[in-house]
Amino acid sequence: MERLLWLVPALPLAGVLFNGLLGRRAGKGVVSWVGPGVVGASFAVVAATFFALTGLPNGERALHQTVYTWLAAGDFSAEIGFLVDPLSATMMLVVTGVGFLIHVYSVGYMEGEDAAGFARYFTYLNLFTFAMLLLVMGDNLLLLFVGWEGVGLCSYLLIGFWFSDRDNAEAGKKAFIVNRIGDFGFLIGIFLVFWSFGSVAFADVLPDAAATLTPGGPLAFWICLFLFVGAVGKSAQIPLYVWLPDAMAGPTPVSALIHAATMVTAGVYMVARTHALYELAPAALAIVAGIGAATALFAATIGLVQTDIKKVLAYSTISQLGYMFLGVGVAAFTAGIFHLVTHAFFKALLFLGAGSVIHALHGEQDMRRMGGLSRMGMPITYWTMLAATLAISGIPPLAGFFSKDKILWKTWDAGHPVLWAIGFVTAGLTALYMFRLFYLTFHGEFRGSDEEAENVHESPPSMGVPLIVLGVLSVVGGWIGIPAAIGEPLGGIGNAFEGWLAPVFEAEVHGAAAEHAIPPIEYGLMAASVAIATLGLLGAWWAYVRDPKLPERLSLRFRALYELLRGKYWVDEIYDFLVVRPYRALSRFAWRVVDDGLIDGLAVRGTGRLVEFGSGVASRWETGYVTSYVLVFFGGALAVLAYYLLG
Amino acid sequence: MDVPYLSAILFLPLVGAAMIAGIPGDRRMAIRQSTLAVTTLHLLLALPLWWIYEPEGAAYQFVERVPWVEAYGIEYHLGVDGVSVLLTLLTLLVMPLAVLGSWRYIQEHVKEFHVLLLVLTTGMLGVFFAVDLFVFYVFWELMLVPMYFIIGIWGGERRIYAAVKFFLYTFVGGLIMLVGILALYFYHEQATGTFSTSLVDLVALDVPGGLQTWLFLAFALAFAIKVPMFPFHTWLPDAHVQAPAAGSVILAGVLLKMGTYGFYRFAMPLFPEATRTFLPVIAVLAVIGILYGAMVALVQPNVKKLVAYSSVSHLGFVMLGLFAYTATGIQGSVIQMINHGISTGALFFICGMLYERAHTYEIDRFGGLSASMPVFATIFMIVTLSSIGLPGLNGFVGEFLILVGVFGSHPWLAGLATIGVILAAYYMLRMFGRVMFGPVGEESEGLPDLDRRELAILVPLVALIVWIGVYPKPFLERTAPSVDRLLAEVRVDAEPAGDLLAGTDEALEEEAR
Amino acid sequence: MSPVDLAFWILAALAVVASVAVIVHRNPVWSVILLVVTFFAQAGLFVLLHAHFLAVIQVLVYAGAIMVLFLFVVMLLNLGGPRWFEVAPTPLVVVAVALGAAFVGVLVVGGLPQFAPAAEGPAAAIPRDVAGSVEAIGSALYTAYYLPFLTTALLLLVAMVGAVVLARRER
Amino acid sequence: MSPEIQTLLEAHRMVRPSVFAVLPALVMAITAAIVLLADLFELGTTRGAAEGEEGRNIVAPWLALVGALLGLGAVVWQATRLEAVAGSYFNGAIALDGFGVFLSGVVVVATILTLLLTIRYCARHSIQLAEYYHLILMSSIGMLLLVQGAHLVMIFLGLELMSVGVYILTGFRRTRLRSVEGALKYFVMGAFSTGFFVYGIALTYGATGSMDLAEIGQRILAGPPSAMLLAGVGLLIVGFGFKVALVPFHMWSPDVYEGAPPPITGFMATGVKAAGFAAFVRVLMSTFDALADEWVPVLWVLAVLTMFVGNVAAIRQDDIKRMLAYSSIAHAGYLVVALVAHNPLGAASFLYYLAAYTLMTVGAFGVVVVLSERGDEHTSISEDYAGLAYRYPMLGAAMAVFMFSLTGIPPTAGFVGKFIIISAAVDAGHAPLAVLLVIASVISAYYYLKVVVAMYMTSSERGPATARVGASATIAILIAVAGVLGLGVFPGEWIEMARTSVSGLAVGGGTVPLP
Amino acid sequence: MIGPGHFLTLSAILFTVGVVGVLTRKNAIIVFMAIEIMMNAANLAFATIATTMGDLAGQVMVLLVIAVAAAEAAVGLAIIVAMFRHRETVNVEAFNLMRG
């Protein structure tokens, strides 16, 4: 199996080449098979790998393949090599599994494109899969970075897929550049790692971390902080989250795959992957947790008032990513990854469902022009959406409950009651805005035109099947990680997920030991979070089903707050004012004043003008009158003589 | 080696030029085809260098050494090291493409153009082959002339201004370097009693500090202008904007490398102490160049000018890497030289193709080209990404190695330079987006996609972009021993890896004390 | 004051006054005649220096030939003018005179009046009158200065040809 | 005959008169006489067709050319026998040495090229006269004597013979006001400077008691220089400075160059300047070698002034002759740098550069002459030279070569020349002067490029009509191009020749080994 | 006692008079005359030095300078005639077609 690891990324890459070079000529039919097919095949290999891995004794579950030495110059060396351990295997399963479903879904969703666009779409999507696999499989930080940038590129390309609309292209560009700001930190982190360890390979760095770095020392702190800057960019945390809502300009399956299920979680993966470093830098971990919690709450509040269905989901994603960082930030890496997985299921589903709705409404995304779709013949969409909404809201026994609850519990357990409180409030808000979305979309009166109403239809099977699969996963996906607090009373259902990842996070601070004694408070907290989720659910029902005028009244009542949220705290505007405009002004200054004015104008052309001026002077002396020539001559002669006789 | 291989490579274009000069001027197609044949043949002639050059072998290989001006101890002394081999091959690859790129662009004085192109080739190769400083200088100036004509005759509206500016700028630096060469030469005579302008002899000298400073400055000025380093760069935008496509390509692809190559091959080994003295200055200027070039590029309304300023930024990386004084950084620089030649060369070809279609370089007059030119869009995208430094493409390899290398010795500068990576994405993607995306612009209605000739130009470049990005090993391998040799010559022990503090500025300062 | 001294002062004064007059007179004819006076004075000075042959040549060639040529041209071109001296202190004149005074001053300060011969020539032992004779000069001119003397011939030929070419009537 | 006269005759006995020593001059003098006599007997003359039109002499040019070629032959002959015959002749009036022979060669080549260039020009402008060629030959003789002169009397006469001839040649197109104006200015300034020169000789003579260069050289070793000697040297510098047009004694040259017929301008810029410099160098570097500390600073200043004023003023010139006039002023400055270096290398570089300069300048004027053969003179760079390279591709290319050579771009003679001059300056410890030279060169590049720009990068409807270039001019320009490139690509032999040529000259102690 | 110093000083004065003449006068003929004065002054110096040191070279030089002066006078006057034919004047300031 180890020798075949390369196949995992190579299959999607083959798809890229085929779709990119021949796709347009091959036609949509072929592409619609090849595109998803390669990812499916890749999934199959991943599955085989997974089983190969499970076949190994716990603790030795790691496969490694070095393909070739990529960069070797001076002391620096980096290889193209793949490392599959339980953590990467989990990620690979998500990437190829969810990825495959979304590929399939896309076949239906993108059917309106012409052959060229269709091929282009699948080229990008395959390329994304390839890059994402590199990211999760890379055996060194640099290769991780390669995948990191690669997925960023695909994100750029796919957000701007419908490039003839200037806004889409701009959104893509924004995503790329904001990500680059994060990458700056990531790169510095890599440099620090290299100059500290002399290597960037995980196999060299992670086991040596404790020996090389002083625990709690500045170097460990800075390494982790810079790496986290990269994660902040990629995973859309404060303050670099601004690109993600705009990224909704891309086709909806793209939002599902890239901006919900996989790419944006890369930051979480990266922190988990380098947990050995983070454990040496508690201060950095605290920052991670703080940022995560803050982002979770912050994004959730914005999500409350958005009217664009995808924007709500986008803010929801940001918020959920915040949860994950909260989890890894309190060193509950397993919990973070667990939430990552369940989130991939239900958030992908939410997006796909939203896509289905949008598809049915021919591109309409404004929830104020939806409503009552539950009665208009979209059963699959409706039911799967409901499952996903319940899951994300943390209603047991759906997937979201287990993972979210685990994070909250670990936060509490790690001694961060404030962070727990933030997470707790956010859980309520999550239920509120998600059900707001759900009710606005599927319940109440249809608020679109009659013409639209007549055309509402259920999506084709290529879209429906992935919805169903994901729906099922949203429901049962959480059961792989049932906490001991529930599992044990139910007859000793073990936490399969935790056990699976244990070899990776063996050094996890709150290890298995804590699990043995189940503190009663865990149940209390669990109940509280279920309660607040239910409260949110009911609140949404009250405001959007029972008394639809309530939101308007509230918005008038708390006008300032409402405007603040509607305006998304005006963060984009503030950035524009504080960063973008000054930078552009400075650039223009550098060009016009420094370059044109000082360097070229004063120094370069000024010298030229000086010489020309001198030329004029010399020329004026040459009067044409021989008398003046004689005078100059005599003056010169006199000067020479005076030098000799007087000097 | 008994066969004067390098001489054959060096003078083949002159023979070709003489042949082409014999074709009647109105037989344009024949002239183009013959030049293409000559340049391709030339590439094939030199291609074996890739294999028969032995990286681990002698410092200079294929050496030819014949007395030239005996009275002065000047020799016709040629030889190549790993870096020259790569730059030579880059040059020879660019030339046939430049001919192809001029197929339609050049319609007037076709014969003169192609003759000059070939003469230019000889000038450029001479610079890369020269081991004797006099020979180096001769070729350094020689290549100025054809380039001056290429800009001045076939350039845009303000071509004369640009051509003269280009000429004067380079000429100033060159002449001051000449004085430096002579001072070094006489110092060698004083120290050893013999006259020589050979690099091999001069490197062996131990030039005293004060003199070294002045000489280094004389050399550095010439090279800094050519690179061009901030603040000696203002000739570049003018020259690039006005030059015809092929001219810009060669300018960016090869000529600018001569500055950095000059530092690598001459200034640094000849004046190791002065190099170290000025290291902070040059490194800081390089970083300023990186950031400043990126900033100014952002607000350019003209595609070519934007690319020109991006060159300032990219060459800043090369300089920074050279002055990292670590094997990693210098290797990165070397790769980055090649990369910049390929990527920026390709960008200028692309600018030329845009111009051939729309007759403008103004960014705002384009828009939405992706729709009508999908193949073009793909290639343009790849080249843009290469220029941004996306991993997997060539630009990343160079930039990353440079930054890693520099980080060891100057963490703060490396950090600042890394910001350049962000800025590059900003200006390149902004330009790309405006030209290729959005609603169809006024000049962009229904423009045809690439034809075969244009594909033939761009595909090899794209292939190289990917090759170096994915598998740079062959390139790195060929230059590593040369770079190590340079480091040995400049007598700086490579900083032990993993010792972070040893490489910080404070440590260097302490060492200076 | 010996007669020789007296003669020197008279001739020197005459030479200076006449030459100044040459350049300040407005009428070219008068200038030519005053120049002849200068040359005569100089011939007299040659006599004082025992350079008899030079004195004769001075009168013959300069006063006799060159000045006639000048006068001829003045007449030919009918260059009349007022018969008076005119010294207008224009800036140019002031500057010129100042520079001229500086020139003389520099030379005088530089030690011209303190001249003493640095070496003795071959004629040092010979009476000065003999050394200034035509035989003496001939003995040098046709031997040691043979080539320069021949060159003079070429020079005069060139001058002749040139004068002819330039002054010939236009076609 | 009195015994006193006998004594004098003894003292002035003729020493080493030799036809061989002056053979080139002699051959050309005889030819000059033949040219004049042939015209007298109406050999080859044709009368003007119409009343009042001047006749022409179609034999004179070729006679003169043969004479000059014979002169060249004589120079070569001298060169080949140099080792056996080197020494001073005619009581020290002239010296036969490598330096003189090398520069004789330069002068004669300049003469030959001028003759080749001028033939068609004269025919087209109705000055195909025997006198014209006679005067060229005579000036050339003056130059040869100047180059070889080892006695101030001889130098003075050579200078005058050369100058008087050139005064007349300048005004030779006497129906053209500019020509006459040029002659007037040249003459007034020339005669004026001759006064200073003669006075300088007088002072030198007074201070040292001799006018023989070798003797002077001996006598100044006796002690510190007297004020009179210094004044004499100063005035000699002024006199020579005028002939070779050093700032501030240069004022005549732009006007005169512009006014003179183009072939004569070329002749002035090369032959006259070379010969003037030859004597200048011989006097300063050889005779007044011991006084180097005195004259080096003065020449340093003059060099800088000359380079900068010449180059700076040239920038705004549109008349190519005027531009080349300023350019030749600037080049005189470069040559003075070689003098300032005051070492054997400097002397050698001086010779090499003079040869290179002569070739490229004569070539450039060749192109000017070709264009001014018809009708008007056509000397405006911006109009007459616009697009020239496309009307006359070969002429344009040649002009470009000359311009690049004047700028000092490899692989031309101008580059190598500048290289070795700079090397001499650096070697002599005058690195700042070398840098100033370099800066001046950069300024010069601007206006040389202007010509190239006009020829290649602009176009104009005006300008001279395209016509065939005459064979003789073609040959001359080709020789110049070949020379400029030949000296540039294979400079070794020539530098070697220059080096051995100066070995006879006692320069800078004469013992410093050459590279 | 009158010595060579007196003669030389006189020559310097005469030379300067000539120089001032050239500097101040516009009439070409007068300018030429002033130049003749300069030449003569030099001649006086030569003769003085020759006599004082008992050398013939100076005297020979005087002769040759006179010859040169004659030649120059001839050429110069011919030029004046030629220029007069163009402009009907001998004022040197009337000729400044070429300048700059």
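For reference, chains read A, B, C, D and E in written order, and residue numbers begin at 1 within each chain.
One rule holds for everything that comes next: a residue touches a chain if its C-beta (ideal position, glycine included) is under 8 Å from a C-beta of that chain, and two chains touch if they have at least 3 such contacts.
Please read these numbers as outputs of a predicted model, since none were measured by experiment.
The chains touching chain B as well as chain E are A, D. Comparing the chain pairs C-D and C-E, the larger number of C-beta pairs in contact belongs to C-E. Averaging Cα atoms per chain gives one point for each, and the point farthest from that of chain A is the centre of C.
The distance from the centre of chain A to the centre of chain B, each centre being the mean of the chain's C-alpha atoms, comes to 37 Å. Between chain A and chain D, the centres computed from C-alpha atoms are 80 Å apart. Each chain gets a centre from the mean of its Cα atoms; for chain A and chain E, those two points are 97 Å apart. As a whole-number value, the distance joining the C-alpha centres of chain B and chain C reads 71 Å.
Multi-chain contact residues of chain B (touching two or more other chains): none found. In chain A, 619, 622, 624, 626-627, 630-631, 634-635, 637, 641, 644-645 are the positions where the chain touches two or more neighbouring chains simultaneously.
Looking at chain C, one finds that residues 92, 95-96, 99, 103, 106-107, 110-112, 115, 117-123, 125-126, 131, 136, 139-140, 144-145, 148, 152, 155, 158-159, 162, 164-166, 170 touch two or more other chains. All chain pairs that count as touching, in label order, are A-B, A-C, A-D, A-E, B-D, C-D, C-E, D-E.
Touching chain C in their complex are the following residues of chain E: 1-10, 12-14, 16-21, 23-25, 27, 29-30, 32-34, 36-37, 40, 43-44, 47-57, 59-60, 62-64, 66-75, 77-82, 84-85, 90.
Contact residues of chain C toward chain A in the complex are 92, 95-96, 99, 102-103, 106-107, 109-111.
Against chain C, in their complex, chain D makes its touches with residues 1-2, 4-5, 7-9, 11-15, 17, 22, 29, 36, 48, 52-54, 90-91, 93-94, 129, 131-132, 134-135, 138-139, 141-142, 145, 151, 153-154, 157-158, 160-161, 164-165, 167-168, 171-172, 174-175, 183, 206-210, 219, 226-228, 230-231. Of all the residues in chain A, the ones that touch chain E in their complex are 619, 622-627, 630-631, 634. Put simply, chain C touches chain E in their complex at residues 2, 4-5, 8-9, 12, 15-16, 19-20, 22-23, 28, 31-32, 35, 38-39, 42, 45-46, 48-51, 53-54, 57-58, 61-62, 65-66, 69-70, 73-74, 76-77, 79, 92-93, 95-97, 99-101, 103-104, 107-108, 112-126, 128, 131-132, 136-137, 139-141, 144-145, 148-149, 152, 155-156, 158-160, 162-167, 170.
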